[in-house]
Amino acid sequence: MSQSRLTELTWREVRRAGEEGIALLPIGSQEQHASHLPMGTDTLLVEEVVDRALDMLAREAGPGVVRLPALPFGHSPHHLFAAAVSLSAATLGAVLDDILDSLVTSGYRRIMVVNGHGGNDEIMRLAVKRFALRSPVTVAACSYWTLTAGEEGAGRPDVTPGHAGWFETSLMLAAHPDLVRTPVPARAPVEPPPLFDAPPYPGLTVERHGEWERVGGSTDDAADADATRGDRLLEDRARGLARAIQAFDAASRSPR
Amino acid sequence: MSQSRLTELTWREVRRAGEEGIALLPIGSQEQHASHLPMGTDTLLVEEVVDRALDMLAREAGPGVVRLPALPFGHSPHHLFAAAVSLSAATLGAVLDDILDSLVTSGYRRIMVVNGHGGNDEIMRLAVKRFALRSPVTVAACSYWTLTAGEEGAGRPDVTPGHAGWFETSLMLAAHPDLVRTPVPARAPVEPPPLFDAPPYPGLTVERHGEWERVGGSTDDAADADATRGDRLLEDRARGLARAIQAFDAASRSPR
Amino acid sequence: MSQSRLTELTWREVRRAGEEGIALLPIGSQEQHASHLPMGTDTLLVEEVVDRALDMLAREAGPGVVRLPALPFGHSPHHLFAAAVSLSAATLGAVLDDILDSLVTSGYRRIMVVNGHGGNDEIMRLAVKRFALRSPVTVAACSYWTLTAGEEGAGRPDVTPGHAGWFETSLMLAAHPDLVRTPVPARAPVEPPPLFDAPPYPGLTVERHGEWERVGGSTDDAADADATRGDRLLEDRARGLARAIQAFDAASRSPR
Amino acid sequence: MSQSRLTELTWREVRRAGEEGIALLPIGSQEQHASHLPMGTDTLLVEEVVDRALDMLAREAGPGVVRLPALPFGHSPHHLFAAAVSLSAATLGAVLDDILDSLVTSGYRRIMVVNGHGGNDEIMRLAVKRFALRSPVTVAACSYWTLTAGEEGAGRPDVTPGHAGWFETSLMLAAHPDLVRTPVPARAPVEPPPLFDAPPYPGLTVERHGEWERVGGSTDDAADADATRGDRLLEDRARGLARAIQAFDAASRSPR
Amino acid sequence: MSQSRLTELTWREVRRAGEEGIALLPIGSQEQHASHLPMGTDTLLVEEVVDRALDMLAREAGPGVVRLPALPFGHSPHHLFAAAVSLSAATLGAVLDDILDSLVTSGYRRIMVVNGHGGNDEIMRLAVKRFALRSPVTVAACSYWTLTAGEEGAGRPDVTPGHAGWFETSLMLAAHPDLVRTPVPARAPVEPPPLFDAPPYPGLTVERHGEWERVGGSTDDAADADATRGDRLLEDRARGLARAIQAFDAASRSPR
Amino acid sequence: MSQSRLTELTWREVRRAGEEGIALLPIGSQEQHASHLPMGTDTLLVEEVVDRALDMLAREAGPGVVRLPALPFGHSPHHLFAAAVSLSAATLGAVLDDILDSLVTSGYRRIMVVNGHGGNDEIMRLAVKRFALRSPVTVAACSYWTLTAGEEGAGRPDVTPGHAGWFETSLMLAAHPDLVRTPVPARAPVEPPPLFDAPPYPGLTVERHGEWERVGGSTDDAADADATRGDRLLEDRARGLARAIQAFDAASRSPR
């Protein structure tokens, strides 16, 4: 089998690939990433992880995957105060519905959505649930940072991926060093910490009006971000995605 | 301060309570819960947890909470094969939008949604995010089973809450024993286990068409369900919710 | 046959009941009812009438009815100036569509909607018309106050049901005396009377911006409200509903 | 003051007329009216009644009215089995919203909708309620047959207006005799009578799938329809509308 | 074959005509046309052209056409500053969808939409494309001014149809001289000319906020408008439409 | 001034660029382009033209332009029979609305949409009209093939751009020769020619169900496509776009 890009295939190749293969849709965002990272960070990183994962699969004769062009816009209403280009939840949901419906019309029965932006998460999950209810498909969804091959040791336990902080900056230093404005400025902790990141009680989600503006747009200090550790983190996520694709292939290939 | 039910208050009392108090909306579902639990299980359990929590707060002179009537219908399209009464995601989202907007019109600035049904989760999260963006509020959301006071020892590590299994059956034996059909029949493991419950790779969400029907509607064996442990679990969740309310009150009362 | 509550049935019982039985959905509201009645008055009263009617049918071996949980929220945009919790017309219509579609999916072919709030009326009528066009069902709708067994003598010809006035207060004094703030204050007539209640020409509906606020939220004086007459009125409406259910059963059972 | 047609006015005349005047929108339908009446019956009759009423007002120096062109399409999904041209309820509601919003943008504060088709009724009522809530207007709605000057004696107590029966046929014989196919065929009563016209219990609305098709498309026998009585009925409705307009003018002119 | 008006036909005649015939829907607008033309100009002109064309076809034994009543309201948001009665694009699209769907339900397989207002153009085109995709039909759309029989010599090369200028005024002087306010006032050129009419580069569409208001509501000077040339232009457009109908009939009659 | 890519800028750079600059959004499609061109042809070509145009402007110190990432999906329902990935018209319209609204929120007052796919045309035009009505902006729209610098001589008068024919194939041979499957197969003319491409009467748009499938997916023979002429055509369109941007800049910079 093979890895290919839908945008480069003829329609008959797309059809043929859909008989056995998996369609994979990356989704990202265009939104503020503090003063040192570019607007497209989430899109660039999800594309990087997907590219590396598909390269790994190609070397391993993995399952055939047709990669769709990344959707470069996501759901970022909380960043509209800072120049985001944002789709509403309804619009993003409709885009996903239309793309997924198109793929099933073309014969695909196994589809993955790989997400690069936290704000897309619930919308993606609802879309794949809707899709599996209305069509005879098996569909998977993930955000790239939640997959790991478990080999790294490069992460920092005190830093969840966050936004425009140590994690994303390290990855960008590895993947697109020319797009990171250096030196990355230090950032003092905000008091109280943002409620969306530090809920007052475990298990409780809290949203406060104006919170992103109050905390200045990032979750943690990125001054110590590190390209080497960023590259190891990227490799780990890419390998995690490659293994997830293989596991999805195995689980969805089995006759029911 | 005090705990009250919106349905029993006059409108001026509702207004007055909104100046300082917290509005709390429970949401549930009407859906299949195997052959031994009733359709309203999720609604009944979230109401039970909320009632117990508000009683605890009343004894502790906790923050004032106005409890709205529970929304008895939720998003259960995956159970429509088995007599669910289900709102679409768009409908449930619109109901939450309308209720939240009504409350802010009445002067409320601090609102909680407490959920009793897994299928409502993403819709509730999107609704509270939307709400905090368009209105000057602080809003919290949780599913009752994710809150804990950490005191229990009654749970079973091998059982996540699940659906119509040991956890929910134990709670119902404690809260509404007359509504549990006993003896609860044993249930053999399903092979392969449902993809929604046992994803092929950690961090990957997978949805397969017809999966709920294939696995028979429950996630695990409920034959050993136990009223005593159910009661301890209920107490723990109720205390967790009471503490979460207090923490939310403290975090959202502080001037910004 | 028998009367049962959907929330307490297992899904197989719901299915079985739908083969012959009637599903009944009460809908209410949460809205201002002047300074002496609670927000949930409409929901409480429609539940009271339905409960009494189903008790009568149970004693008479009437047709099998599965009662859904009442929808506690209705369409009350005209009361948003006074702390209503209101669903928009589009939202309420979608809720009714979703519930009715769920019931037909579960096998029900005969469904009734019983309404407790004037503002829901047109939305309910449109919903049942839509439903009967798209599904092979017979569906009935009514507002509880329009049904009568004709035995009462307890009503006052000068008082149509109205809002938060003599009629509703009398019913609440009979059904939920603890929730009525007494003594009920007298209320002088408003001049000019509200256009929605006293149209300038018979057969003309007139709506004026701000009219509910102008007239203070009720249609007539409730100071003379009377628990005994309220109870007779409730009995009459309940018997009217019981007879309407029997008539609906006879009309919809007949082969076509 | 004067009566005019919006379609013939320049925009400055429309603006000027809106400062004091009333805008009047007729709405009709295109739907089956049995084998003897044309599709446009409802539109033609509402236009006839409005024309006569505005002529009466012109002779009496009544309030200024700007008549919009009639909306020739209505909500007739129950007649789609028989060549109706029907707008969905959502579409018709949106049309009314857009027209009413346009008028308030042009400066109108007093607006009437006059309806010629039963199926439009609830949608019209919801639209005027919505409109009065969102805009500083007084707005009236009626169906032409519900207004009467009380002078007639021409009607038949056993015949409510109905559909394509004695009433509508008599009016069409008076207003558009050339469009009535004569002799009008007799029509035997249908057994059982249509549930939408003869509910099984007073106050209960019942809709049954396929009922209009079953009963053949009309409510009562039109063979005895009579042009002279039709003309008296038209005059009575027109005078009723003229008086209603005057009453609406008086009620809505008064300062609040 | 024959030309007829749907509004005057019985439903069986509508059905029968649909087996072979073409349904034709005119659509217009109610919007400002400067100080000398009436609001309904676009509707009146499209009706005039359609009437003349159908008369020509009747004399030539052309294909059978059933003319629907004109939709008198269109999409004119750019004229809301000047008393337009405007449907939103979504509403107008829904109206067209509903009408077209009704016609195919009635058996029509060949349908034309004839437009009188520039602002409706894209919406009409999208609607007919949607329709041909979802239904087994052949459907045509045009704006009356783009069709010509090529015989005229009456037009002015320097004047595209425009809005409320020489072209429309000449046509109205021919068709409805009583509705033109004369003498038509002269109008100096606006500098810079409106961007919507004179784009800065060929092939580029440019829209500027407030442009219609800035240029005073018309595109060119109408002082020299001429009834005789207007009549020749009308005849040419009508003949163009008649020929287009014949060509559409020939193209869509042929078996596929 | 300068040309930049939004995806590579920080949010403060995006804000600053918006004070004077122009935002430019390319939109494309993923749809069948016969057996020799790839699915992404429209997206690839619009990106090529935009890149060349911005390079020209950079050399000429043209106005500052911030290029957004291309929307890689468009409205292609007519190609769903052949593996298109298509957004519905409503979805694409919502995407454009959301992007345009985001840009105005970020301070942009001058925006261009450059289109690469015919099926997007009406939707783009409606979107920019809506946008200019609701926001204080000047907004331009074009499809890349309609702009020309007039210098070419490379085109073929008998070939309008068409679909997957001589024009697009020549451009792809120039821009992405590796993605064209050669030799390009010859294609005999289809009889009758497709109605969407050859309307039966000038000025009439005709859509027939199934027409794209009948004609095999392309409009004309591409066997003679030529890379050299394709390159000259690309240069001409790019120069046309560069000049259009300059003209738009001049027209929209001028104070109003």
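Details
Order as written gives the chain letters A, B, C, D, E and F; numbering starts at 1 within each chain.
Here is the rule we use: a contact is a pair of C-beta atoms (placed from the backbone, for glycine too) under 8 Å apart; a residue touches a chain by one contact, two chains touch by 3 or more.
Worth saying up front: this structure is predicted, and the values here are computed from it rather than measured.
Where touching is counted per the definition, the chains common to subunit A and subunit E are F.
The set of chains in contact with subunit B as well as subunit F comprises A. Interface note: subunit E and subunit F, two copies of one sequence, contact each other through mostly matching residue numbers (shared numbers exceed half of all numbers used). When the CA atoms of subunit C are superposed on those of subunit D, the rotation angle is 180 degrees to the nearest 5. One inter-chain figure worth recording: subunit A and subunit B are separated by 29 Å, centre to centre, where each centre is the mean of the chain's CA atoms.
Put simply, the C-alpha centre of subunit C and that of subunit F have 57 angstrom between them. In this assembly, the C-alpha centroid of subunit A lies 49 Å from the C-alpha centroid of subunit C. Not a single residue in subunit A touches at least two other chains. Following neighbours round the ring, subunit A first and subunit B right after, the list reads A, B, C, D, E, F.
Of all the residues in subunit D, the ones that touch subunit C in their complex are 77-78, 89, 122-123, 125-126, 128-133, 135-143, 146-148, 192, 195, 200-211, 214, 240, 243-244, 247-248, 250-252, 254, 256. Residue ranges of subunit A in contact with subunit F, taken from their complex: 6-12, 14-15, 18, 30-40, 43-44, 68-73, 79-80, 82-88, 90-91, 94-95, 97-99, 102-103, 105-107, 179, 181, 217.
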